[in-house]
Amino acid sequence: MLDKVGIAKRIAKEIKNGYYVNLGIGIPTLVANYIPEGMSIVLQSENGLLGMGPFPFEGEENPDLINAGKQTITIVPGSAFFDSAMSFGMIRSRKVDLTILGAMEVSDTGDIANWKIPGKMVKGMGGAMDLVASAKNIIVAMQHVNKAGESKLLTRCELPLTGVGCVKKIVTELAVLDITPQGFRLLERAPGVSVEEIKNATEGRLIIDGDIPEMVID
Amino acid sequence: MLDKVGIAKRIAKEIKNGYYVNLGIGIPTLVANYIPEGMSIVLQSENGLLGMGPFPFEGEENPDLINAGKQTITIVPGSAFFDSAMSFGMIRSRKVDLTILGAMEVSDTGDIANWKIPGKMVKGMGGAMDLVASAKNIIVAMQHVNKAGESKLLTRCELPLTGVGCVKKIVTELAVLDITPQGFRLLERAPGVSVEEIKNATEGRLIIDGDIPEMVID
Amino acid sequence: MNKTIANAEEAIKGIEDNMTLMLGGFGLCGIPENCIAALVKKGVKGLTCIANNAGVDDFGIGLMLHKHQVKKMISSYVGENAEFERQLLSGELEVELIPQGTLATRCLAAGYGMPVIYTPAGVGTEVAIGKEVRKFMVDGVEKEFLMEYAFDADYALVKAWKGDTQGNLIFRGTARNFNPMMAMAGRTTIAEVEELVPAGELDPDHIHVPGIYVHHIFQGVNYEKRIEQRTVRKR
Amino acid sequence: MNKTIANAEEAIKGIEDNMTLMLGGFGLCGIPENCIAALVKKGVKGLTCIANNAGVDDFGIGLMLHKHQVKKMISSYVGENAEFERQLLSGELEVELIPQGTLATRCLAAGYGMPVIYTPAGVGTEVAIGKEVRKFMVDGVEKEFLMEYAFDADYALVKAWKGDTQGNLIFRGTARNFNPMMAMAGRTTIAEVEELVPAGELDPDHIHVPGIYVHHIFQGVNYEKRIEQRTVRKR
């Protein structure tokens, strides 16, 4: 079973040289720490930056320089600032190669729910609906089951949707799966996790085709 | 009867302090020379400039600095460059207070034709259709009659239209007129021109209400 | 064409009860601090505020919420604000949540004179309820889009880094965010800047918002520029 | 993410007969001189060119017309070019004239992922023939708009003043014009610049086109920058 860092590390392996990547809040943010050495990628922050760098050294925080999670950040050489209209313009026109975000539920047709729990205070969708509606490649980082042990990989999302038929790949504490017309397809097992466990933790249609390898995470 | 300079001088009197003004090619360009001293206006050039100044001194021409007529120009302090999308964005959102342009024909309902003569090489509308479709205030500088003595102020334009129901005011060699729901309304006569002459030169509906004063030009 | 006025109080003179305002900023970054303070002091009420966020309890739009000046928020994300939550649950405050890109593009549409725009954001979700859905071909595939209207705001209140007396604006870092589009979108636009310079001192190639979009400009005072999430790393 | 390539020849390698190209520039100001020269040398034919103008007889797109490489021009104004006129009248060349703001905004739409935009330009004229007309309220009055589609171009060829190895672009003066929107609109975008600098040398607040929109960048050579209408005043 993977911890959050494990999920982040596994997702980092999906990033290819030359990618422009948008990282959501939470586990996706951690992915930036595990991008293979020597790989040249650019992080987009939808509040208006290409070329996001790491957190600043203490004392060097700049209130005019934050990411979409409102955290103080730095920039890397070759970065560019722009306004929110251009930021979502480049998202809508599919210039961002990969979007990594968290989810509360995903359906076996690629629907995603990650912004609203009825009965709880609703904070809003931020840029998530724009990102999922336009991204050419979306990887979801999420927990396979909730605290009550119920599957979050469903036939149909129960929570209000963020986007329809958009998720391409999912990395959970148990498995890597992609979305096919036939439902979730199991690609890899987390270290020490059996196919049976994944089957039991997945409510939606699940395709298990041949031997399922265990993930390799350095 | 006014010459071109006279028409330009008369139109210059329509400009108010604080106006953003777009000047078309031809007589409208001349208007810039007769803006009353001490008046603060900004000239927009739709190829991407606010704050157009006069032609450069010889030897100081800059190929990267032209107006919408492709002439070398200068800029005044406080100017700003922008791209063509923003330029027409500010035109469409009616931030430009006054548009002055030439015309081949105008109808008594405010239609304008100024871009195409069937049978002759068609060069294109440039930005004219955008300007006339959006400007909140359009003044047309034109000849009242063509070389054959035929009126260009018509009941209905014969040439292909540039825009519909958009012209507010017309200054010709003979008169100043505005467009009302009842047709052209004669406001002023050019020096030495009689109401009768204007009547004869106007094919469209013409309202002559009371005494028509002679224009005062500088 | 001098658009300079003395201060925020003078700038917001025309803002009355029940108007619709746009306020620039993302979180607390790039917010019009001086204008917000002046609005709180003036006490106008019943405002509809178009702003990406609603500030925190004791800063930004949170200060206006505390004085019950806001009738409705149109935002993409409104966390980090207990008073906001209280007013929302008690029914005092109305909230319309819309996707962040939709918010930005509806401002752009207003500034660029486009009556509507189409976006795929929110298709198939509750955001789409009551909206026109239309299919267009994108990269050879049919895709659904929502029609969204341009905003119409009485005032836009924006904050820039530098500005000149003609109203030209330059932003810095991610404090730019929604400010340029809102500046272009407001029926009347008020810009507060950290540094106001005479016309001619800004490089015309570096202007982010040309002065034609700005009606009043003033140099703000006492910028706090509070940081919402201070994150750092060790040396 | 180094997007630098050696020169125009390498940049246009992928451009084939019958493709659709966007070419930046207004008149001869800000045109991609090096790319045009390379296209002439390569001799690709049957091109559809989206460009505000068609150059003059012996410069700009006029050079491509002279070699009969252009099948169709989509422009707002095409005067100043005798060879153009000859080919048009003889039926060799097809021309679609569209309003200049429509041209700019159809590029913007492509770069910003908007399938269509609405503009009042051309309503009631022959430009509106065959197009959807729709009414929207503007300032309390109903107004008609035309629906215009985003452009879809295989390549955009743009010219900037400075650029860096990541593809970030900065323009100068009115040489900016259509270049930024075309850079954002092309499926593949090639930028030629007068000065190419390493990443980190350009101020990130001054970038007009972020590198994400640019696929190949190179430093151009031998810029002529011809002036079309030399107008001066006496000292």
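Chains: A, B, C and D, in written order; residue numbering restarts at 1 for each.
By definition in this document, contacts are C-beta pairs under 8 Å (C-beta built on N, C-alpha and C of every residue); 3 or more make two chains touch, one makes a residue touch a chain.
Note that the structure is a prediction, hence the values are computed from the model and not measured.
Undergrad: In this assembly, which chains make contact with chain B and also with chain D?
TA: Both chain B and chain D are touched by C, going by the contact rule given at the top.
Undergrad: Would you say A-C or A-D is joined by more C-beta pairs in contact?
TA: More contacting C-beta pairs are found at A-C.
Undergrad: Please report how many Å separate the Cα centroid of chain B from that of chain C, as a whole number.
TA: The mean C-alpha positions of chain B and chain C differ by 36 Å.
Undergrad: Distance-wise, how many Å sit between the C-alpha centres of chain A and chain C, to the nearest whole number?
TA: 28
Undergrad: Whole-Å distance, chain A centre to chain B centre, using C-alpha means?
TA: 56
Undergrad: Considering chain B alone, which of its residues make contact with at least two other chains?
TA: 81-82, 85, 88-89, 91-92, 94, 134
Undergrad: When you check chain C against every other chain, which residues touch at least two of them?
TA: Counting only residues that touch two or more other chains, chain C contributes 105, 112-114, 119, 171-173, 176, 205.
Undergrad: So what shape is it, when you link every pair of chains that touch: line, ring, star, complete or other?
TA: Drawn as a graph, the chains match no named shape, so other.
Undergrad: Dump the list of chain pairs that touch, please.
TA: Contacting pairs: A-C, A-D, B-C, B-D, C-D.
Undergrad: In the complex, go through chain D and note every residue touching chain B.
TA: 26-30, 52, 75-79, 85, 88-89, 97, 99-105, 107-108, 119-127, 139, 161, 171-181, 208, 225-235
Undergrad: Over in the complex, which chain B residues touch chain D? Could you list them?
TA: 45-49, 54-73, 81-85, 87-89, 91-92, 94, 111, 121-130, 133-134, 160-165
Undergrad: What does chain C use to touch chain D in their complex?
TA: For this pair, the touching residues of chain C are 105, 112-119, 136-138, 143, 145, 170-173, 176, 205-206.
Undergrad: Once bound in the complex, which stretches of chain B touch chain C?
TA: 18, 20, 40-42, 44, 50-51, 75, 77-82, 85-86, 88-96, 134
Undergrad: For chain C, which residues count as touching chain B in their complex?
TA: Going by the criterion above, the answer is residues 1-2, 110-114, 164-166, 168, 184, 198-200, 204-205, 207, 210-213.
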